[in-house]
Amino acid sequence: MELGFIGLGKMGMNMVTRLRRDQHRVVVYDRSADLVSQATTHGCIPASSLADLTAQLNAPRAVWCMVPAGAPTEETIRALGTLLKSGDTIIDGGNTNFHDDVRRADELKGKGIAYLDAGTSGGVWGLEAGYCLMVGGDKAAVERLAPVFTTLTPENGWAHMGAVGSGHYVKMVHNGIEYSMMQGYAEGFELMSKSDYRLDLPRIADLWMQGSVVRSWLLELAAGALKENPKLDHLKGFVQDSGEGRWMIADAIEKGVPVPTLASALFTRFRSRQDDSFAEKMLAALRNAFGGHAVKR
Amino acid sequence: MELGFIGLGKMGMNMVTRLRRDQHRVVVYDRSADLVSQATTHGCIPASSLADLTAQLNAPRAVWCMVPAGAPTEETIRALGTLLKSGDTIIDGGNTNFHDDVRRADELKGKGIAYLDAGTSGGVWGLEAGYCLMVGGDKAAVERLAPVFTTLTPENGWAHMGAVGSGHYVKMVHNGIEYSMMQGYAEGFELMSKSDYRLDLPRIADLWMQGSVVRSWLLELAAGALKENPKLDHLKGFVQDSGEGRWMIADAIEKGVPVPTLASALFTRFRSRQDDSFAEKMLAALRNAFGGHAVKR
Amino acid sequence: MELGFIGLGKMGMNMVTRLRRDQHRVVVYDRSADLVSQATTHGCIPASSLADLTAQLNAPRAVWCMVPAGAPTEETIRALGTLLKSGDTIIDGGNTNFHDDVRRADELKGKGIAYLDAGTSGGVWGLEAGYCLMVGGDKAAVERLAPVFTTLTPENGWAHMGAVGSGHYVKMVHNGIEYSMMQGYAEGFELMSKSDYRLDLPRIADLWMQGSVVRSWLLELAAGALKENPKLDHLKGFVQDSGEGRWMIADAIEKGVPVPTLASALFTRFRSRQDDSFAEKMLAALRNAFGGHAVKR
Amino acid sequence: MELGFIGLGKMGMNMVTRLRRDQHRVVVYDRSADLVSQATTHGCIPASSLADLTAQLNAPRAVWCMVPAGAPTEETIRALGTLLKSGDTIIDGGNTNFHDDVRRADELKGKGIAYLDAGTSGGVWGLEAGYCLMVGGDKAAVERLAPVFTTLTPENGWAHMGAVGSGHYVKMVHNGIEYSMMQGYAEGFELMSKSDYRLDLPRIADLWMQGSVVRSWLLELAAGALKENPKLDHLKGFVQDSGEGRWMIADAIEKGVPVPTLASALFTRFRSRQDDSFAEKMLAALRNAFGGHAVKR
């Protein structure tokens, strides 16, 4: 079918490449003319602006937005809201907070524009393996886009989660779980890295892929990363987070659900980004104050 | 090759079944004559006692011990120590603490008996898929047993981890990671179970198996369990632990390694087994004491 | 000096009682005429409505709002905004989120009405001991109200924290710390309650008040509560939270500050309010799925 | 009364000073002749060896051991076991694990020597304020030593906890609670240190001492430390732990008691002592592996 596609970053470029393999007609736009030009090598049709992109599509139009979450997505969707018409559909495939989805869908509903949220998992590997897509929003619009979803995903790799926002909601929980799993592996491998047994970490990661209870795709990636550098000594332990973990904690707090491993995982990331911890200094100061324990200066 | 096998519980019976498929000569013993008799239907040779078992094996003998960790394993291995001779090998395939392995191997070394520790993962699914085996101990003894390990495991599914105890050490860490992963999924699915979106949890678990970052074998099992009963309302949330998580925390504390998600996961299990929490009563009592906040009686 | 006072609950009634001891002129209103009437026994002047209350005060007027946080406070302050005039001051002494303070102060500024936020700690004991007051907002308004703050607090018991919202911000952090401290005591006393030493918990709480590092006012309250009932078996471990802990986590997440004990303390409260944990059921289901471990039904 | 005292470090010297104020006869020994000589200025009687110390005491003798926990205490008590006679008493005032108390008391019982464990809290402030003493062991021996305990403590500042080991057990829990409280304050003050309100932290710590729910002795110390250096920028956040927190977690795990804030507090200390976290590197490596997210090298 036909799709407008905005945002040709790492994820976006891979997605349009995959869409072209199935011969969809894809009109693309990105702020970078270079990236647009690169997409044309996959058979995409270039657009020079959002207006140009929407003009090159046939009604009912569908436009996939794959730009960074937050302001860039917000602005893009606001602009599309003025360019599109009743019957058209916007799909936000980025990492949007589900509360924003609900608000936007509500705003666009007045104009008859459908808004779908597509939580997208799979990272840089999605080009070959396909992405896992969790889709929220109006059922009819979801069905209209089914050919696109099917192309982007492995077999049975997409599903309609429910009302608008539910796709990003499920993706948010997915990412929260991802944090816990990553942290679990990280704790285990750190401990093994300190063992007197001088364990062969990449070998163990590989071995666990064969029939163990902890086998997973993340473990497969861990095996690869450890093979490249078993001590990881080329890396700084500086770990970003992209928002979903935070939102999941906010939602868990709202619902009164304990999420201790998610919180631990997120706090570990926060700590990894501190050069210097005021809290830890305060602990040292207190120990000194009551016990005269030595402090490092 | 030839192997003595002690302990025909859930794990043990599956393992001898698998060993017989590859035509190994397996002499079996269990306290339950019924289980011994059941094993003979797979072609195992019955033994009526440990002495009988060791008498039916040819030197150098190898005996696999697959009985509950703790006292049962301790007693079995002590008894084998008096029945076996120099050149023989004992393999402990249970959930033994690696410190015990080191002590036992040391005791048996004086008699020339080799002691191997085989951390075994895969649960009830190992019969078909093969187990993941992490083996520690003397290298020559490990190599002698290679045909047995190969039969029990999927391709590349076993490896020599290092000195005695290292097999169970790596298995301990494996289980600790397993706790964190399980807890991560549990937090995520609980949150989704409370969502107004009325999410289809089994469908989501299934979907995530298709290309998502959190795909894993545990998730596959989760999908199965949720399909059977999406609300899990046939279950009590009473969660046992088998020791490895505790030992991993002890080891992490000894080495000064933070393991926050493992600890959270273990404490969740503890809490699940309390009908009544003194700590929570005390919190209620304190809130009442300073703020006059109502308490439930 | 003169003060309007709205909200005669547990906290409010104690505060007006204390204000009357210092001969302040206090005009009171509460939705409950009974409470208003009760306050008059302390020499307060009754008002039959917010309008009546503001009418009985002399410019520049000051009105203290001590009603439940959230909607009741919001509505009261909105109403006061229409009744008060330029030069008047509203003090919110409740448990308001500091973001709401900032918004309200901004709205009222246009009318020339000052808005102060007074974080109030001390609970039911404040009547005798005085409250600890953390005050945020316009400095001149704070100084005008100094006589009221001085009456309500012990010596040096109030201070101007900074711009509007800072009083409730510091109070929020105060409560978050309170959660961690309470949880620390609760963990320790639960452990001791399970000791084979058959420890005398109220005696220990008392003892620790004499020169130990953990002596505190909360411990003094714990000693009292344990003396009344050493096993706390008259209580349900059902623990509410009043919002500040949640907001502090939200703020910590925004600033990237790890708050692991606060999060643990809050999650313990959440768990205490669950009869039944989906997460724990899922753990049981997963253990059953991979290991055939028995579940309770 | 009369007391032998071994170990004249920070704690020991303060304790003998306090004992001399009440005119007890105190015979002292330390490996450092300088410290022994310093103690004589307080009226202590010097001993040149353990044998010399025991020789200068009258039966039934009592010897207080105040040397570092672990090997130094173990060796001292073993030596005393050969020097003392039936009817004598050893008091271990150090930070001993209660399991060691039980073992030692058992060994000494055969010789008729009583062994008491005295958990001691109060730090460097005990000299003036008195220590809080939690005493375990034989009741008759405890009563014999009462005059010593009374001198060392503030009013009602010591108590008999129960059988041998109970004193150190309660002290262990005391320290675990101390960790949680310290961590709670540390989290709160770190958050406030990052606030746009530019909060005056020493002022807040002081203010909270006046009637707030979180007032405590640790907070008083925090106020002092923050006054000296509000940003704590003269300190490294390197935080030691002295064992009790670890033992309390081990005991909690044995008893199945959740201690999430204690564990968080201990892990924060571990992390504070790492220059470099393998776990955090692994998280960075995994994010890079699945998402192509940038890493720092």
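Here the chain labels run A, B, C and D in written order, and each chain numbers its own residues starting at 1.
Here is the rule we go by: contacts are C-beta pairs under 8 Å (C-beta built on N, C-alpha and C of every residue); 3 or more make two chains touch, one makes a residue touch a chain.
Quantities reported herein were computed from a predicted structural model and do not represent experimental measurements.
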Between C-D and B-C, which chain pair is linked by more C-beta pairs in contact? C-D
Chain whose average C-alpha position is farthest from chain A's own: D
Rounded to the nearest Å, the gap between Cα centres of chain B and chain C is 48
Chain B and chain D have mean C-alpha positions lying a whole-number Å distance apart equal to 39
Go ahead and note the Å separation of the Cα centroids belonging to chain C and chain D. 34
Contacts with two or more other chains occur in chain D at residues 123, 125, 183, 185, 187, 190, 194, 213, 217-218, 257-260, 264, 267-268, 271, 277, 279, 290
Complex contact set, residues of chain A against chain D: 10, 123-125, 182-183, 185-187, 189-190, 193-194, 217-218, 221-222, 224-226, 232-240, 260, 264, 268-269, 271-272, 276-293, 295-297
In the complex formed with chain C, which residues of chain D make contact? 121-123, 125-126, 129-132, 134, 136, 153-159, 161-163, 165-166, 169-170, 173-181, 183-185, 187-188, 190-192, 194-195, 197-200, 203-204, 206-208, 210-219, 248, 251-252, 255, 257-262, 264-265, 267-268
Once bound in the complex, which stretches of chain B touch chain D? 213, 246, 249-250, 253, 256-260, 263-264, 266-268, 270-271, 273-274, 279, 290
